[in-house]
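Each structure below appears as structure tokens.
Two complexes follow with chain A in common, the first pairing it with chain B and the second with chain C.
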Partner chain A sequence: MIIIGEKINATLNAVKTIILNRDTKSLLDLTQKQAAAGADYIDVNVGTGVGSREDEIQSIIWAVESIQGQITTPLCIDSADPKVIATGLEILNGKPSMINSAKAEKHNLETVVPLVAEHDSFLVALAMDEDGIANTVDGRLRSCEKILDACETYGVAIENVFIDPLVMPISTDINSGLVTLETISAIKKSFPGAKTVTGLSNVSYGLPRRSRLNIAFLHMCIFAGLDAAIVDPLDEELMAAVKTGEVLAGRDRHCRRYMRAFRK
Partner chain B sequence: MIIIGEKINATLNAVKTIILNRDTKSLLDLTQKQAAAGADYIDVNVGTGVGSREDEIQSIIWAVESIQGQITTPLCIDSADPKVIATGLEILNGKPSMINSAKAEKHNLETVVPLVAEHDSFLVALAMDEDGIANTVDGRLRSCEKILDACETYGVAIENVFIDPLVMPISTDINSGLVTLETISAIKKSFPGAKTVTGLSNVSYGLPRRSRLNIAFLHMCIFAGLDAAIVDPLDEELMAAVKTGEVLAGRDRHCRRYMRAFRK
Partner chain C sequence: MSTSELLEKIAFNVIQGRVEAEDDGFDPGLEGRPAVTELVTEALDQNIDPKKILMQSLTESMETVGDKFEKNEYLIPDMLASAECVGVAMDLLAPHLIMAGVKSKGKFVIATVKGDLHDIGKNILAIMLKGAGYDVVDLGTDVSMDRILNAVKEHEATFLGLSALLTTTMREMEDVIQQLKAKGLRDNVKVFIGGAPTSNDFAVQIGADAYCKDAFQALDILKEIKRSP
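Entry: the complex of A and B
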């Protein structure tokens, strides 16, 4: 399982403060802790919602320049604005990277997917289109198809695409969890080579004991075929659940990673 | 999820002693605790391995007679010996019951399945045949087919059959978990109406932190379509995992059972 560390996210108040204050020390601390805890990518989202597009561009320049010499873990440039993504990738200048995210909207695909091709990056792509997030597996698969068509057009290998089936709260629709899980299975079946990724915690929104739900959902997603997760790598219970899920799903030969984690 | 309480099992030393001493008080205590904890059936296995077939028959008479007036929870008569099962069912005399178990061996099916029909019982049937437990999903499905053919022959409704896909340790074969999970999915797809049941704990045999593995596997099994589990209903973490798995799999309308369990 590929772990994308989610902690550098400007929608969190503490991180917003770090970004607005250009607090490089705290930014690096957040980065290094996630890398040490096993993150394979560090997501960098500096969209504070304060100021202009130019401010977000200046923030991504600062963040990527601050981080990139300090750790070898690749970055995942996360923005709704393709211009911000492009800026981040230019500074990375050919270093391994991931882009978060594109969705199945014509204009979005036409601006983001060429960046993926140009920088030989990985792409997180959301299974939603102009009409939003479909309630059905078939609806979400139609968005996946549009995304993968655009990837083919621009010369992005399907193996470099991580599709997010998207997760909605079960508290508002009890079938939400199943739709996500079945979309993961269907993506693996319909689009061999494509990878799957998701955040998990939205599933438990509005319910008590969220961590319990998130972990159970992660176990199910792993069985369904999830390849990557956007999570907090400092959450030890969740990281333990990754190892537990993987050994049960036959993805840990001779149970080595599981044994290393739990023998003590 | 239908919970079959597994604690009255003569292969456990403490239970063996209860049976050999005809300790009715302790037997009832084990029964009542499981019923109070939410067991839908109480499995009764009195095969101590000590003495003759006649001894096991005398034990099942004692056990069923001791329990049946005391609780309303139905019993699951569990023996490798059809004569013991027949005796238990005769004493139950038409009360709701379950039989544990038949397997896809000709003689076994010819003796056990007619008992299911005669007593209008439910049946736990193991996905194994004369050659043992197949390593593949297809192999296990062939055993299921033989079982369901016999059920049709003797007039047992498919809805009354709980097929156990069987669980082998991942420590000896890393694909064991997947084979079980995929067999559950395949049974639900190939034999609509048939139910699935399993014990879980064999999956974690030989590994540390078994409870963690059993719970994760239960979550996966619920998503795969598991209808019933043979477990220790006094294991609070496992029972919590049942509720958590069910709400995520869309089997708990308006999240009511989950909320009731975890709101406090």
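Entry: the complex of A and C
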């Protein structure tokens, strides 16, 4: 399982403050802790919702310049604005990277997918289109098709694409979890080579004891074929659940990683 | 069963969130007992005034649900289960209310603004408004300004509810209000706004009539308006 550390996200109040104050020390601290906890990528989202597009561009320049060179863990540039993504990738200048995200909207794909090709990056693509998030597996697969068609057009290998089947709260629709799980299986079956990624904690929104549900859901997603997860790597219970899920699903040869983590 | 007993039972089951007899409720052990569908059908068979069913069994019980939600005793699924009961009951009652000549309290156009797909709160409000006797025109999510303006005009709406969950989309509300003014529609319609990033200050700033923390507050504000028009 590829772990994408989610903690540098401007929608979290503490992180918003770090970004607005240009607090490089705290930013690096948050980065290093996640890398040490086993993150394979560090997600960087600096969209504070304060100020203009230009402010977000200045913030991504600051964040990427501050982090790069300090750790070897690659960054995942996270923004709804392709211009912000392009800026982040230019600074990385060919270093390994991931883009978060594109969606199956014509204009969005035409802007973001070429960036993936140009920078030989990886792409997180959301299974949604102009009409929003479909509540059926078929609807979400249609979005996946549009995304993968665009990737082919611009010469992005299917293996570099991580599709997010998207997770909606079960508290408002009891079938939400099932649709995500079935979409993961369907993506793996319909688009061989394509990878899957998801944030998963949205599933438990509005319910008590969320971490219990998140862990159970992670296990089910692993069984369905999930390749990567956008999570808090400092959450020890969840990181342990990655190991228990993978070993049970036959994705940990001779139980090596499980034993390394839990052997006495 | 007497009329008052029946009305009370319907209210109890709305609060329990039980649509049909087989449904589980908030409390354990209710499965198999008649629920909202069966009880409302029985009440209509007994020719109980549909307006009484609406006011005493639905509107009042949803107020109780609102209180429980405010106190964190009820969570989102509890509230949605109750709202579903109101929706089902209203479908059964609607033809009878029309026959009885019960007038709607007003037309309420409701939408999640352009660029935004979040609709949990909006959907709850839509059901609650129906249960409170309003005529609801729900335009859905990611609704363009033109569609909102056209709906307000076409339906001669008394109220307009705008929802947004993103800091990037909440600005759209201000544009809608400006356009209502430009088209001369602003004076005929009261504009309610809601959604996580919005606030009372924001409502004042963009010239909305009211900010609603949640669906229940929207209903409270409507009651205030009725009292002091």
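Methods note: the second predicted complex is superposed on the first by the 264 of 264 C-alpha atoms of A that agree within 3 Å, B and C clash if a C-alpha of one lies under 4 Å from a C-alpha of the other, contacts with A are read in each partner's own complex, and residues count from 1 in each chain.
By our rule, a contact is a pair of C-beta atoms (placed from the backbone, for glycine too) under 8 Å apart; a residue touches a chain by one contact, two chains touch by 3 or more.
Given the structure is predicted, the values throughout are model-derived calculations rather than measurements.
Between chain B and chain C, B contacts the larger number of chain A residues. By the touch criterion stated above, A:252 is placed in contact with chain B alone, chain C being left untouched. Touch criterion met: A:223 reaches chain B, while chain C stays clear of it. Once the two complexes are laid over each other on the shared chain, residue contacts for A:194 go to neither chain B nor chain C. In the overlay built on the shared chain, the residue A:207 is in contact with chain B and with chain C.
Using the contact criterion defined above for the overlaid structures, shared-chain residue A:171 touches chain B and also reaches chain C. By the touch criterion defined above, A:181 reaches chain B but does not reach chain C. Of the two partner chains placed around the shared chain by superposition, neither chain B nor chain C is touched by A:112.
Look at A:77: by the touch rule set out above, it reaches neither chain B nor chain C.
Overlap of the chain B and chain C interfaces on chain A: residues 171, 207-208. Those residues of chain A that touch chain C in the shared complex are 49, 80, 132-133, 169, 171-172, 205-208. Looking at the complex, you find that chain B touches chain A at residues 170-171, 174-175, 177-178, 181, 203, 207-209, 212-213, 216-217, 219-220, 222-224, 240-241, 244-245, 247-250, 252-255, 258-259, 262-263. Against chain A, in their complex, chain C makes its touches with residues 75-77, 80, 117, 120, 141-142, 167-168, 197.
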